[in-house]
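Per-chain numbering from 1; labels A, B and C assigned in written order.
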Amino acid sequence: MNQDIFVIIEHLQGKIANISYVMLAAVRELAQSSGGKVIAVLLGHNAQGLAGNLAADQVIYIDHPVLADFTSDAFQKVLAGLIDENKPKAVLFGHTSIGMDLAGVLSVRLGLPLVSSCLRLQGDGKFVSQICGGKIMAEGDLPGPTAIVTMVPGGYKPEQGQSSQSPEVTPVSAPRLDDLRVSLKQYIEPEAGDVDISIEPLLIAVGRGIQNQDNISLADELAETLGGVVCGSRPVVDQGWLPTSRLVGKSGKIVKPKVYLALGISGAPEHAESITGSDVIIAVNTDPAAPIFNLAKYGTTANLFDVVPILTDKVRQAKGS
Amino acid sequence: MIVMMEVSQPISFNEKFLASLYEVVDGERIRTCLQCGTCSGICPFGYLMDFPPGLMITALRAEMFQEVMNTDSAWMCVSCYACTQFCPSKIPLTAGLMTHTKEELLLAGRVPSELQSALENSQRYGNPMGESPRKRADWITGIEPKVTIMGMAKRPVDVLWFVGDYASYHPRVQLITKAVARIFNALGVDFGILGPEENSDGDSQRLAGERGLFEMLAEKNGRVFGKYKFNEIITTDPHAYNALKNIYPELGISYPVRHYTQFLADRLEQLKPLLKNELNINAVYHDPCYLGRANGIYDEPRALLQAVPGLKLLELPHNYANSLCCGGGGGGMWLDGFQWEKAHVRMSEWRVREALTSGADILAVACPYEPPRFEDAIKTVKEANRLVVRDIAELLNEAMGE
Amino acid sequence: MDIVVPVKLVPDLVEELTIDASGAALDTMWLRLIINEFDDHAIEQAILIKERVGGKVIIVSPDAEGVDDLLFTASAKGADQLIKLNGNFEGGVNNHALGRALAALFKELKPDLVLTGVQAHNDLDGSLGPILAEYLGMPYIGYVSGVNIEAGKASVRKEYPGGLIAEMDVSLPAVLGVQAAEKPPRYVAISKVRQAMKTASIDDHLVDALESEGGAEISRMFQPEAASQAIMIEGDADEVATRLIDVFKELGVLESGG
């Protein structure tokens, strides 16, 4: 029985998405204990260069002009054939806009069982999934003969899925890709400034502790470097230091980011009730009794004016830019 | 010139709306509007409305009410009752004109998102904050003797204490609720609360235009009241007081009800010996809209404050029926963001500035909307830090040494 | 333009969730159900399309506590037909089983477009949309935040991280997984819902025994360790910043390297 594990690599606009590395890290233990190979599956057009730092034993690369950008129909066709032919032990998809367009369809098309929202995979073949807003964990054995899995981030560090040794790339030809029902017309880049914080995954929030409008530039810089968006609690917006579109709280938006970095925010109820949907709240506030610490997963009483510039620098370094 | 109308002509929105206003108690008085402009002038946000109350009536008479509906200016109204109080023709402007306009806006789906959330939460969870109903009595921890929850104790009580939404769930207001419980215990009052069985009184939701929601909440509360035996309902929430006293009876739910200040004022002789500590403070009392203007209760809260040893009671320039709304009003709590966009000032800030000129250290309140609103305003108004907000119950507690 | 919207009720997270005696499922004693938020957006998107191009909106939902209210509320918003799936749903129904049941019904309804929420927070065997699409033999696009109907096809806005949008065309009939409607779900006054209860009716559709295959068997459900207090990061600003970098990487928000 084929013990190899497929990881479907996601890339967007020439860059490998982090979830791909997370998945490669996730399957290590399982592959080791079963003796199978970790095979990264990369679909694209002239994209083999992206395979360079994938921590996989092998890369299956399928090239076709139609695969230059993701579309559900085309990718489903290619992967259906590939999975059916190889019958791996498991196929991992990201629990993302790309992966979720594929996993469910292929599960039905190929008659294979599907496990979603998976956070961790163990060597003994057990999976742990995270549901109900992170409040409930569900555990079970990976089903057979081939388990389709969608993976959420948070269980592994992306670095663990990266490797300096380029894996062996095996080109495989694409099947006929005509009669497609889905086509890409164009991408629309987000307009700068016209941001909907309620759907942003990374928010840098400033409160009264930022003290004045000029200091907001500290948060701006960190946001820009980290790839997040600045928002604020009511006193900041009322003073006009941030536009109303960035208001988090009672009269503003309810947000549910992956990470909410609260700088100088006390965490009063009118604000708190709008951020409880965040996956992780990190609070920086010199007042150890601030109610925000009851909501936060991580906290520090260090002064935000000391921490933020240093943090911005370190983020720059980590990104290597 | 009298225009003869064909019977078969469809009735216009203007006509239908006017007819609905006549159905309100004293609604016919709208015919006697003098167009004097008092209502528009005294309305705190009248200057920001495309159609302040007086102009709404002008539009009605000109059969142009659809124009009013096309603006959102009715959402600048917080139902503070100032217009109703001072109208020389005694037109029920707040409960009639403003509430019905908001009802029409709601039916048309034109409702600010914050208000929408509060209404949806009220329907689902029985409170506008969207908190779990099971946690409604969580505030009782630490109070000894333990607060009686009717559903668990299953015995008659003398007083059924209708606690209210913000008093149950908001951390700042919970402090006041605890203070009241301590006072009741010290006086040996035989009281119970409904806890998780209590639903929002619904009054502010009604004034914000959701009559259907109000009736649904009232019916639920009515059914729960019917399960238990008690002599009277006491409430710490002037909005609940207003609903229970004036509107619930229209739905067949009628019980004797008083605000806690009336209840305690009655027991002043019993309370006074317990007020051992001298507080040595100057205090002003903010007349809440729904205790004062809407229900005429001005003296009992003052009697309680004057009983506090060492407390010098000063008066604000805008007092009694002239009181300035904190902005919470009837539904104003959930229009804060919408109104801020237009006004860039809050009524609570005006009131805090006025309190600062009075020389008082304490701003005494008696409504759950007020502490969060005034304390927020104190943070934004320059040099307001010396002003402290306390509910009357908290001051009594302090005097009691609790 | 016939639009069918399958909708689900899911556990309301406002209440505390507990695990039942078997240790492998949610305790239903205190469980309150609420409409899947994304399905609510799907209903709104369907009504918006109907308001623009005309047609009929049909809501379908499996029987559960609160389903009548859900259906009448949709009717008050403008839905034309309400269908309740009746059957033995004891022990829960996974999306594969629901997908099969719905596909059988939809083959009769013959929709031009199927809109459903992109996912539900209690999904364990993938989300309904893609599964249903494949049972129907229709194409699927998920994470949709805008839909324009053109002749024989739909032009949709598909969301990617960071606010990037892909505009895609899909031939009809198709299934779309809605992330967000073009406008937030509208408010409907309770008086309107009460009126709908008098004027609208719910069609019952009986489904045969549902077998929940297609997913994995759950052997254990548990709640993660709840930290009552924040993990406090000590040290000087430099040490704090260093630790925060680690945290960012663990959480996957610090993309390392190109």
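Criterion: contacts are C-beta pairs under 8 Å (C-beta built on N, C-alpha and C of every residue); 3 or more make two chains touch, one makes a residue touch a chain.
Values in this document were obtained by computation on a predicted structure and should not be read as measured data.
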Furthest chain, CA centroid comparison against subunit A: B
Closest chain to the centre of mass proxy, which here is the mean CA position: C
Best-connected chain pair, where connection means C-beta pairs in contact: A-C
Distance between chain centroids, defined by C-alpha means - subunit A, subunit C (Å): 20
Separation of subunit B from subunit C, taking each centre as the mean of its C-alpha atoms, in whole Å: 38
Centroid spacing, where centroids are CA-atom means, of subunit A and subunit B in whole angstrom: 46
Set of subunit B residues in contact with two or more other chains: 130
Subunit A-facing residues of subunit B, complex: 114, 129-130, 170-172, 336-338, 340-341, 372, 376, 379-380
Touching residues on subunit B, where the partner in the complex is subunit C: 103, 106-107, 109, 111, 113, 116, 119-120, 123-125, 130-132, 134, 209-213, 215-216
Subunit C residues touching subunit A - in the complex, by the definition given at the top: 11, 13, 17, 19, 26, 95-96, 99, 118-119, 121-127, 129-131, 133-135, 139-143, 155, 157-171, 174, 177, 180, 213-224, 227-238, 240-242, 244-245, 247-258
Residue ranges of subunit A in contact with subunit C within the complex: 12-13, 15, 17-19, 22, 53, 69-73, 96-97, 100-105, 107-109, 113-117, 127, 129-143, 147-148, 150, 153-154, 157-159, 162, 181-190, 195-196, 199-202, 226-228, 258-259, 279-280, 282-283, 293-303, 306-307, 310-311, 313-315, 318-320
Residue ranges of subunit A in contact with subunit B within the complex: 208, 234-235, 238, 244, 247, 250-252, 269-270, 273, 291
